[in-house]
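There are structures below to look over.
Heads up, the next two complexes both have subunit A, just with different partners, subunit B and then subunit C.
Presenting the complex of A and B:
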């Protein structure tokens, strides 16, 4: 038993470090600015998609407010860097905390509603955020947007200074965050807290009957996911170096929906696959830019109709079937 | 000692009075049956006791502690387990996962012990897994532990929900129709289980339409009709009570 556990631990550690090594060594193999650019965006959208996935896939609540938290994180970090000349790192911390605090506050009324009403209230929240970003001109400069967002730099003991202005360095920065986030996410969904989330997704009344404080856990998930979206938003703003209210618009939302649903909500691997495919696909479809939203719409529609569990869900079901066969064979 | 006590519990759905001033008492170590025609408010009374419905009047005490209108999870954590009429389960999870979820909130592990005392957390997890296995064996589902709960037959689902109600070491178990639509062998098994657990000191409160089961295992029966308690007593007394006969067969 103990030996088996140790073997599993070593195997997992080896697996994770290999993945980390492969991901972080990509710039050695390709210097192409274009590919690195796509990969940075993949990483950023992946973090946003996972924040969405945590709520939809594990707690069972479809939140359209995730892109709002993404935008709030982006604006927080941007305003601190541009208007108040603060470092990226202070901005990043606040880009996690402010969306999380807002989520905790609006979550209390929102999460009391039925699942369908919750979706609509989060959509309302997103629209409100968009309107504020457009109209609070003194702070956000409205539709003009905020240009010249500085690239992050890291000062180590006032000696070594690393700038993340280059594509390669920004790629490493994004991937380090993505890897840490995934490690924490895997820990979270595998823990007792994660089990409570899944119980709520499956049957909220039964979850209450077995002693789960459903409101507490839903609020916890909503808060964590808002913080995750905030990190992605901050990284996005400092990468693109320009921010305007379009982050709150439908395009971002649809992108994340497609990544999560086609990839497979309720699995960690699904959105990873989804984010790679759907960051590369728009580049291929570039010639047909006007049709992109329409094509996405069709993909979303067909996924929901034909394969609601996504690619990740299909894979999970297949693995379970295999395991069951093994159990019966014994 | 009185384990559960209700005092004049009233539950209205708009004009309809589903539960009408019901007072009852369940003592430790009893097996109490709750019977009545369809729509007489039995499940509604269960929902009021377990916090799923808010009562309009009256009070409910568990171990002399007022639990009226507390949240369902709070009541569950005090030691009141329940099953649902339609055998609710986490259908997309395995049988074993269902059991572990049913147990986990009752283990008083603070986040701190979880982070710092990994050894203790592991011990508890191991103990829970063993108890889950033990209970699954008791209800005869141990071979299906890795199967999805959604793939179980209806009778097996009832047995699993029964096992889930038992895993957190409850003081009182409320069963909503444990024998409905269950085959005779499984009914016998359920009866034996209830008797065995009761002899170990567990208290039961059971809604059931199957009179044979009720008469067999209960030492007290409460009869509801149109939300009103019309009779209470030992099985033999209740069986011959004219009011009960009238409620079931109609006055003629």
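Presenting the complex of A and C:
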């Protein structure tokens, strides 16, 4: 038994380190600023999509507030860096904590509601955040936006200083965060807590009946997902170096919805695939933003109509079927 | 202007907004009642109503009354296609499918209009410019007309739902779907009718508002959130609740915007949503039901 556990641990460790090595070695093979730029955006949107996926795919709650937490994280980190001249790392920590605390606060009333009302109240929350960003001019500069967000630097023992101004370094920074986040996420959904999430998704009343404190787990998932969105927001702001209230607009939300849903919510691999496809695809299409959003709308609609489980879900079902066949063949 | 005159102006504006929001919200609540779908694309049909009015009156030079009628008709025709292509397949699916499906329709419609007309705000000229004096206060003809038409439509809808066989069938499906099969009402036909009716009302609201405010492709998203607020306050599925809540939100916005701050006015609807959801989740007029 213990031996099997150890084998599995070694196998997983080998798998994860191989993936990490492949991902982080991309800049060795390509120095193209354009490709690295696309990959940085892929990584950032992937983290945001996973925060959305954690709630929808594992707990069964559709939250439109994830882009609000993304924006709050971006503004937190930006204001600390630009107005208060703090380092990126302090900003990053607060960009996780502040959205998480806000999520915990609004989550208590929101998560008591029916799933319909939850969607609408998260949408209301997103719009309130957008209004605040536009109108609280003393802090956010309103629609003018905040330019000149500095690139992160890392000082090691006051000796070695690494700047993340270059594309290559920013790529590595983003991917390190994305990899850590995925490792934690896989651990989380596979754990006891993750099983409680899935129980709530499948049947909330039943989960309650078998003694799961559903409110506690829903709130936990909402808080964690807000923190994840906050990290993505902070990385986004320091990469683009300019931030204005448009981050709260529907464009980001639609992008993330398409990534998660087409990729397949409720799987970890689905949004990874989705984020790659839907960051690269628009670049190939080279279409105007409006035209792209129309196409996204149709893709989302057809996914909902024809393949609600997404590509990831289809793959999962296929693997499941094959395993059953194998067992029967034995 | 005297303080009373300013108050009267805010009051009339508030009543006008109430009527418009009420038309949008009542469609939303009917569709929810019969199809059990929260239509996130509802605001887009309001926006389409306004754009059809713009095309008919400004491009084709048709009189305003005919433009309004055409706008309602075209919104309803598009609703029929949307119902056939997207709404019918997602009826009975999981709630995420319904939300995301209607959200996708909203994306398609809003961005198509954005592509065709750009984000430039447009104005609709009706040729009805002028003012009406009432008790020493002046009101523009367009506003008074929109106000009256809005309330008239609401009243007609009320009569339709209460007095006619079809109206009663709609209420019956909203109350108990299975029992309708027993008494020979086809819920699918009623669902199609309700969707088209609800969309037609949203189109009418857009057509009435078009000469008063400038129109732009994002106008639907702003109004649908207010309609959500109204439906939540009034209780999902309740027509009477929607009417009363529309008065609260419309008058509230106009008075808050006039006397307190314009920013708070935009946020008011959401504050109301959140307060009502926390204090009385079933809405002021909704019956408490346990839905998990």
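The rule we apply is simple: the second predicted complex is superposed on the first by the 326 of 330 C-alpha atoms of A that agree within 3 Å, B and C clash if a C-alpha of one lies under 4 Å from a C-alpha of the other, contacts with A are read in each partner's own complex, and residues count from 1 in each chain.
Basically, a residue touches a chain if its C-beta (ideal position, glycine included) is under 8 Å from a C-beta of that chain, and two chains touch if they have at least 3 such contacts.
These numbers come from a predicted model, not from an experiment.
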**OP:** Report clash or fit for the pair subunit B and subunit C bound to subunit A in the combined superposed model.
**Re:** fit
Original post:
More residues of subunit A are touched by which chain, subunit B or subunit C?
Top reply: C
Subject >> First, second, both or neither for A:135, with subunit B first and subunit C second >> reply: second
Original post:
Which partner does A:291 reach: the first (subunit B), the second (subunit C), both, or neither?
Top reply: second
**OP:** Could you say whether A:261 touches subunit B, subunit C, both of them, or neither, answering first, second, both or neither?
**Re:** second
**OP:** Quick one: classify A:213 as touching subunit B (first), subunit C (second), both or neither.
**Re:** first
Original post:
For the combined three-chain view, what is the angle at the C-alpha centre of subunit A formed with the C-alpha centres of subunit B and subunit C, to the nearest 10°?
Top reply: 80
Original post:
Can A:308 be said to touch subunit B (first), subunit C (second), both, or neither?
Top reply: second
**OP:** Tell me which partner A:205 touches in the superposition: subunit B (first), subunit C (second), both or neither.
**Re:** both
**OP:** Check whether A:115 is in contact with subunit B, with subunit C, with both or with neither, and answer first, second, both or neither.
**Re:** second
Subject >> Partner chain in contact with A:242 - subunit B first, subunit C second, else both or neither >> reply: neither
Original post:
After the superposition, what is the least C-alpha distance between subunit B and subunit C in whole angstrom?
Top reply: 9
Subject >> subunit A residues contacted in one complex by subunit B, in the other by subunit C >> reply: 205
Subject >> Residues of subunit A touching subunit B in the complex >> reply: 191-192, 195-196, 198-199, 202-203, 205-214, 320, 323-324, 327
Subject >> subunit C-touching residues of subunit A, taken from the complex the two chains share >> reply: 56, 60, 62, 109-110, 112-117, 119-121, 123-125, 127-128, 131, 135, 204-205, 250, 254, 257, 261, 288, 290-291, 293-294, 296-298, 300-301, 304-305, 308
Original post:
Considering the complex alone, what residue numbers of subunit C touch subunit A?
Top reply: 38, 86, 89-90, 93-97, 99-101, 103-108, 111-112, 114-115, 221, 225, 228-229, 232, 236, 263, 266-267, 269-271, 273-274, 277-278, 281, 291-292
Original post:
Contact residues on subunit B for subunit A in the complex?
Top reply: 50-52, 71-73, 76-77, 81-82, 84, 88-93, 97, 100-102, 104-106, 109, 114, 146-148, 164, 168
